[in-house]
Amino acid sequence: MMRDLHALLTPRHALGPLEIRRENLAFVTLPASNLRGFLTELRDTQGFSHLVLLTAVDWLEEGQFQLTYMMNNRARDLTLGVRVMLDRTTAQMDSIHDLWPTAATYQRELKEMFGITFPGSPRLDEEFILEGWTDLPPYRRDFDSLAYSQQTYAERPGRVTHDPREYMKSKLYPGG
Amino acid sequence: MSSFHWVQIPYALLTLFIVLNYGLIMTAVVQKIAARVGGRHGIPFWQNYIDLVKNFAQRSKITHGVMFYLGPVFRLAGGVGLLLFVPTIYGSTWAQNFSFAGDLVLALYFVFFGTLGMALGAGESGHPHAAIGVSRGLAQVTMAELPLALAVYAIAVQYHTLNITEIVAAQQGGLFHWTLFTNPLATVAAMFAFVGTMMRPPFDVVLAPQEIPIGPPTEYHSAYLALMQTNRAIFPVAKTVIYMNLFFGGASSWGEFAIKVFALYMVSAFIGVVHPRFRVEQSIRFFMKWGVPVGVLAILMV
Amino acid sequence: MSLREVLTPFSVWKRVLDAPVSIADPFSREASEHYRGFHKNDMETCIGCGTCEAICQNGAIDMVPVEGQNTEKGDSGLRPMIDYGRCCWCALCVDICMTGSLTMSNEYTWVDSDPDAFRFIPGLNEPWKDKQAGYKRENGRVLSGTTRSPMGELHANERIDNFNEICVGYTREEAILEADRCVECGLCVATCPAHMSIPDYIAAVRDQDYDRGLQLLYETNPFSEVCGRICTHKCETSCAAVHEGDAIAIRWLKRHIVDNVPLERRVELIGAPKPATGKSVAIIGAGPGGLTAAYDLAREGVKVTVYEALPKPGGMMRYGIPEYRLPYDALDRDIAVIEAMGVTIKCATVVGVDVQMEDLRQSHDAVILAIGLQMGRGTRIPGSEGAGVERAVDLLRRITAGDPTVPVPETAVVIGGGNVAFDIARSMARLQKIKYGRVGLTLTALEDRAHFLADKEELVEGDEEGVLILDSRGPQEVMRDPSGQVTGLRTWAVTSIFDAEGRFAPAYDESDEQIHQGALVIEAIGQMADTSLLGDALTEKLEWNRGRIKIDSEMRTSEPWLFAAGDAVKGPDVINAVADGHRAARTVMEAIAQGEVVQ
Amino acid sequence: MKDIDETFRKIDATVPLREELRPRTVTTPDGQEITIEPLKDYFCEAAPKVHPKAYFQIVENFYNWARSNSLWILGFGTGCGAIEMRPLMTPRFDAYRYGVQWRPTPRQANLLIISGYLSVKTLKRAIRAYEQMQGPKYVIGLGSCTINGGMYWDSYNTIKRLDDYLPVDLYIAGCMPRPEALLHGFIELKKLIRAGKAEGTNRYAENFASYKAAQKSVIKDWDMPDYNW
Amino acid sequence: MFSFQPDRSEYPQPGLDGKLEIDLETGKYLKLWHGPNHPGITGNMSVELTVCGDEVVEGKTHVGYLHRGFEKLMERRTFIQVFPIVCRVCVPEPDFNEYCYAAAVEELAGIEVPELATWMRTLILEMGRFNSYMMFLGGIGGALGLGITGQWMTYVRDLMLDRFEELTGARIYHMFILPGGVRGHLPEGFAARMEEVLQTAETYLADVDKVMFANSVFQLRTKGIGVIEPALFEPYGVTGPNARAGGVAKDVRKDSPYLVYDQLDFEVATGMDSDIFTRAKVRRADIQTSIDLIRQILKKMPKDGPVMAKLPNVLHWKIPRGETYIKGECSRGEYGYYLVTDGSGYPRRINVRGPSYTHAMALLEHLIPGTNISDVAALMVSLHTYPPEIER
């Protein structure tokens, strides 16, 4: 089923190859500019009317953000993960809040946690989860949570640990 | 009866003391009973005393202005005042308080007095929840008192007096002399008002913790709250005493008093435990639809 | 709003009559049988491996020294200290615990106003120490493997008539699977005499980075081919995994690394030695100890000459260990790497005959004595003198050298239960098989089967190969027929080996006497060093300790220019010799640097 | 603890501030122009007063007894621990019988239970709620995350040591602690109160400067509606 | 009678971008915060209301009070270390997180789960659903002042927690569904004790029917209030009972059966009116389904067998690059985990799709304008949202 769909829509939307994860779940990549048309067609003619989630993956090493739009067709029990790769430095994407109003929330979160902007999305710049955040968007891979935590929040002092191997060396054969 | 003697003051204070203790314990007992329905033990019956002491013992308090400070005072004054002008025990030489010829009117005024005072005080606390609570409270209490007013009018016509003692006197001589049986419609109308003003579901949207935590008293704390708690022990009892006197034959002994007040008080608890609350406009509509017509009917019947 | 609707809700008031369902005394309420409450630790079972610390995603566990827990082989002496300001009671630490010592009680109340009080060492004196109930993992560990990847071996039928290597080595898949079981606690490192960085090279196997693995191996041991096959692998006895399953096959993984790096690549990976320092050292004996020292010194830029009496280098590795356990080409590869470092090995050069001790002293900055234990000990039982009774090491050496005069009778008896006894027994069995088509070999040992000194595999494989292994037999007499020909061995059953003071004093049950048929009796009860090469003067000068040259912990003898290493001064096994070699090399380097060696 | 990396990236000060956090000029209702620095201006620095104990020890003891038997908890579930409060308010554990009750407003409560981890955003509200409560007031740290960060020890958004920001009287270990443990905590707290040792309110007032400094070091944006808890 | 409806024409109209321009200076409007410290809010979140009289003209959901950065923390924990932390994403029904995470990991790592373990998982999930609905029934009563249901339901939930405790070893965070299976077998006599709990639950539920669903005041407060038009379901991502109350039988258990749901016999409860009452009613029916399912599972499940698949050593468990999405029907709707791996020992990214994310944000903000202040709490409770899964 998924393959038929893919074959049908590939010419129009320049879809990448279909990656089938299991019978009812597959992923496909397509250029950012084609996303809107593709999603609209999925929604209006193919029954993929449920936007399950919209999230991003930071491929820091490759300098890209992956946006995943998870689309679901309930009647046929099919889920299609639509992937769009964005350049990490510009990190901008078209908003789809007019297709799914609930996408505005996802886009707000992505703005806050990844710094990906969606021009025109409602309340995009309002704080969503964080308050008074002054550092990098925290879900970016180059933001180090532990480091931030250690620098910001005091910890109870007085803990020491020993590596068994090193400790045994110091006890049993200090000279080597 | 109508002449004033100095000895009435210590007598009245004694009544106040008894009523306060009775109120503290009874409200706790009612809470325990309600808790039982839920399968709990509930608070110890002396818990109210401890809470009271605790709140008085809180070291710090803040004020939002003079009216904020006066709010609980008014409220307590309303409760105490109500009690002081209502004859508590029929026929008792000392538990008559300052009952006089027109005390019924004064009592109705006092029922309202505390609410108004509270409204002013809470209004000044500056908390929007308090303000909303006040507006809801005034609207609802006004509406709920309407059937009572009609019922009082009905029995005033019935007994040709506005003196509570006389109304009680008229009901003596057996169960069937009670207004409950002589004028059931007025009683029903009054009971609407009673249930409607006891701040229990379904008419407690004023204090509803879920909807506007917790209405007018939101900002009240420490000693202010203790004052209000004291009032909360006295005022419902005093109010219940009025209903008891007007419709249920009054009480001729403290024992009878205790039983009747408790029974009447339980009515509101009985309904309250098993009902959610009305929105304020729903409760107003409820009184318009049920309470007022019954009241009017009671007057017409008389 | 019908009347019925109005009244229905009131019906629930019936519950006011029910007794409250509250728990009367919630303070002493027990949690369920398997509740994950506060931790317990059996201090004696715990080995302080720190795996709990490694898996804790909360960073709640510290490994700390605890009074009364000593650091020893297989036990770091550390114990987990848990910070209840971090713990989330997921019990992963319990699930992963390698010994099963860490468990949980069903205790759950801990209230304190001091926030620093919430750290404790379970197993010391917590009130719930003796509580039985609580979470224990169900049916064995689920989070790390318990069974070892089996090693491919030749079947007994395939190997009994030849000297081909028995173990075929791990495939990559098997190796990864086996390496995956390692929890990287590092307890083994202390047990390994050479302190090889075992967890690190196992990690290299896991990561399929054999180059890194080989470099790690050569940091501590130039005999990875050898040790990867015949090491006594004491490390595996202190492996954390041994407590609830099979130890990690550390030895096989080591071999797997060298198997996967070709010889040329090894030299390349190790890199060139340091530039020449102009110093020179002589080493007597091309066994593991001597060659290790040679390797180390050569890496430091010292010119090293190794003198070996036998025709080929390797010492006991070549002449003591049968080929089916350690093929000669594997040994040759290890030695080739050492030679590639610039070490000169002079074979068939007997010190004391071809070259004198004094000459070596004169021409080198230092001399290291690494002569090993070449002479077998005798049982001195009646009849053990004369033809028909052989010493195991001598026989093994002759077999290796291809001596055609090695006696191969149809039946033979071996006395001894150590690895050497098995080596000769199984070698002899092969020769018998080749010659007669069947095995006629009896092995008698003082120990019972559970306490054999030999590796367990030896017993298993000996059994498989048809060697008759008799335990708890004390040799009494070598039986000879009137012509003096050996006919067998008479033994008594052993009742105890050591006396109350722990001294060697075997006691026998004389009623249980057996005679084991055999035309040859081989004694394999121990070896000793041949120190005659030292010459009388030096022998006189040196300090001795119960027949061995006395050395200090840094391998110095009482003579400042002479150092000693290997089996001759320590116990007999390759990895100890390697460790000694390292130590001797280090001491020599220090001594040279300080100019201590006075010519 | 093998995990701790000493060479982590220092916080990057070059990330541009959000619009609403930047200093700006606003016009007040009475026409004045004032400059606001949201990162600095919105917290209350008026130190609370240290309130003395009652003059007579016997009175204080009596008060303390009453306080200990009338614990009014602020119904503010700051973290996961809140879910174990419901069983306490209901038949199974029925904390009411021990004199423990819940109040919906901080003004009337005298016991703040920090039920678990505090995100910075909640910390701000918790501090506000605590400051609105009337003394003597008590704080219980419920769960391991109030003690030393718990399982969120490496999170960028949760504090680790509650006692840096609020004076804590008691900690209850667990993740999460069972209702029974919480009840036990109440009993312990009662003992502390009766012994006169639960003086966190005054401790907070006395060390107000250091508490505020710690709070300011983590809460960057203090803007909050006046009446929001 | 009087009309209490205010004249809406005077209310501010939203601009083209959907924003309302509200001038608080006029004194006509009042800002009112529901939460975070507010008994009428479900969990630690808040709704910023702008009211005019008793009517709300605008509502904005504010979350983040419970934000712990799970998705970030998971990225720096190994696959097994993520296991204890996932359940914390949703406090009242933690097991779903464990299941979704475990299933996602198993799928990407290619681990086959033993059959008994899938039955145990289903059992745990149904028990969790039951508990979550208990919280709901208590909550919806409480939000309308009917505290007694909260008392009973929490008690019944406590009984179920006892069963959880003996099965999993913990009350709230069970940490029982490990990747690869589950941690243990059913204790001896579990089914009988469970049956006891279910029977007790049924008596209490019968009382809830009487005191709540049959209560005219409750009906007055909930019927026709907070109606979600079925046309909004898709645009606003409405799933679960919220959609079922509007006549759409969305239920992942039926639509895309997972675990052993295809071997169980059950019907999906639906309603037509899509108001607060129907939503509560649908959930009430779902409780019965859960009770039946628990009984069925205990009857049908295999009696013995392994419950854990063989895992690689979890200390260095690496999973090849890939991504997957695992979903299930939790008590509030479609719950899902989106897991991306990159071949290392750590997940590249985990995204939790909680139904509350859409319900409490976009949907609630859409529904609030025009409701009475007093109904906001009930409306919110009726959507059955748990804030931790919004912000994670």
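Observations
Going by the order they are written in, the chains are A, B, C, D and E; count residues from 1 in each one.
We adopt the following convention: a contact is a pair of C-beta atoms (placed from the backbone, for glycine too) under 8 Å apart; a residue touches a chain by one contact, two chains touch by 3 or more.
Here's who's who by UniProt: A = NADH-quinone oxidoreductase subunit C; B = Membrane bound protein complex subunit mbxM; C = Membrane bound protein complex subunit mbxN; D = NADH-quinone oxidoreductase subunit B; E = NADH-quinone oxidoreductase subunit D.
The shown structure was predicted, so the numbers you read here are calculated from the model rather than taken from an experiment.
Among the remaining chains, those touching subunit B as well as subunit D are C, E. Each step here moves to a touching chain, and the least such steps from subunit B to subunit E number 1. When chain centres are defined as mean Cα coordinates, C lies farthest from subunit E. For subunit D, the chain whose average C-alpha position is most distant is C. Compare each chain's C-alpha centroid with the centroid of every protein C-alpha atom shown, and the nearest one belongs to E. Between subunit A and subunit C, the centres computed from C-alpha atoms are 50 Å apart. Taking each chain's centre as the mean of its C-alpha atoms, subunit A lies 34 Å from subunit D. The centroid of the Cα atoms in subunit A and the matching centroid in subunit E are 23 Å apart. Distance between chain centres (mean CA atoms), subunit C to subunit D: 57 Å. Among the residues of subunit D, those in touch with two or more other chains are 1-4, 75, 90-94, 97, 104, 121, 147-149, 151, 153-158, 161, 175, 178, 227. Touching of two or more other chains is recorded for residues 9, 12, 15, 20-22, 31, 53-54, 57, 61-62, 83, 85, 88-89, 115 of subunit C. For subunit B, the set of residues touching two or more other chains reads 35, 37-41, 128-129, 209, 213, 273-275. Chain pairs that touch, as defined above: A-C, A-D, A-E, B-C, B-D, B-E, C-D, C-E, D-E.
The touching residues of subunit B, when paired with subunit E in their complex, are 37-40, 128-129, 131-132, 136, 201-202, 204-205, 208-213, 273-282, 284-285, 288-289. Partner subunit A is touched in their complex by these residues of subunit E: 17-19, 63-64, 67, 69, 71-73, 75-76, 107, 234-237, 239, 250, 255-256, 322-325, 327, 334, 336, 338, 340, 348-349, 351, 353, 357-358, 361-363, 366, 391. Touching subunit D in their complex are the following residues of subunit C: 20-23, 26-27, 29, 31, 53-54, 57-59, 61-62, 83-89, 108-113, 115, 118.
The part of subunit D that touches subunit A in the complex is made up of residues 1-5, 8-12, 15, 17-21, 38-39, 120-121, 124, 147-149, 153-161, 164, 214, 217-222.
Within the complex, the subunit E residues that touch subunit B are 1-2, 4, 30-32, 38-40, 54, 141-148, 151-152, 155, 211-212, 215, 217-218, 220-221, 372-377.
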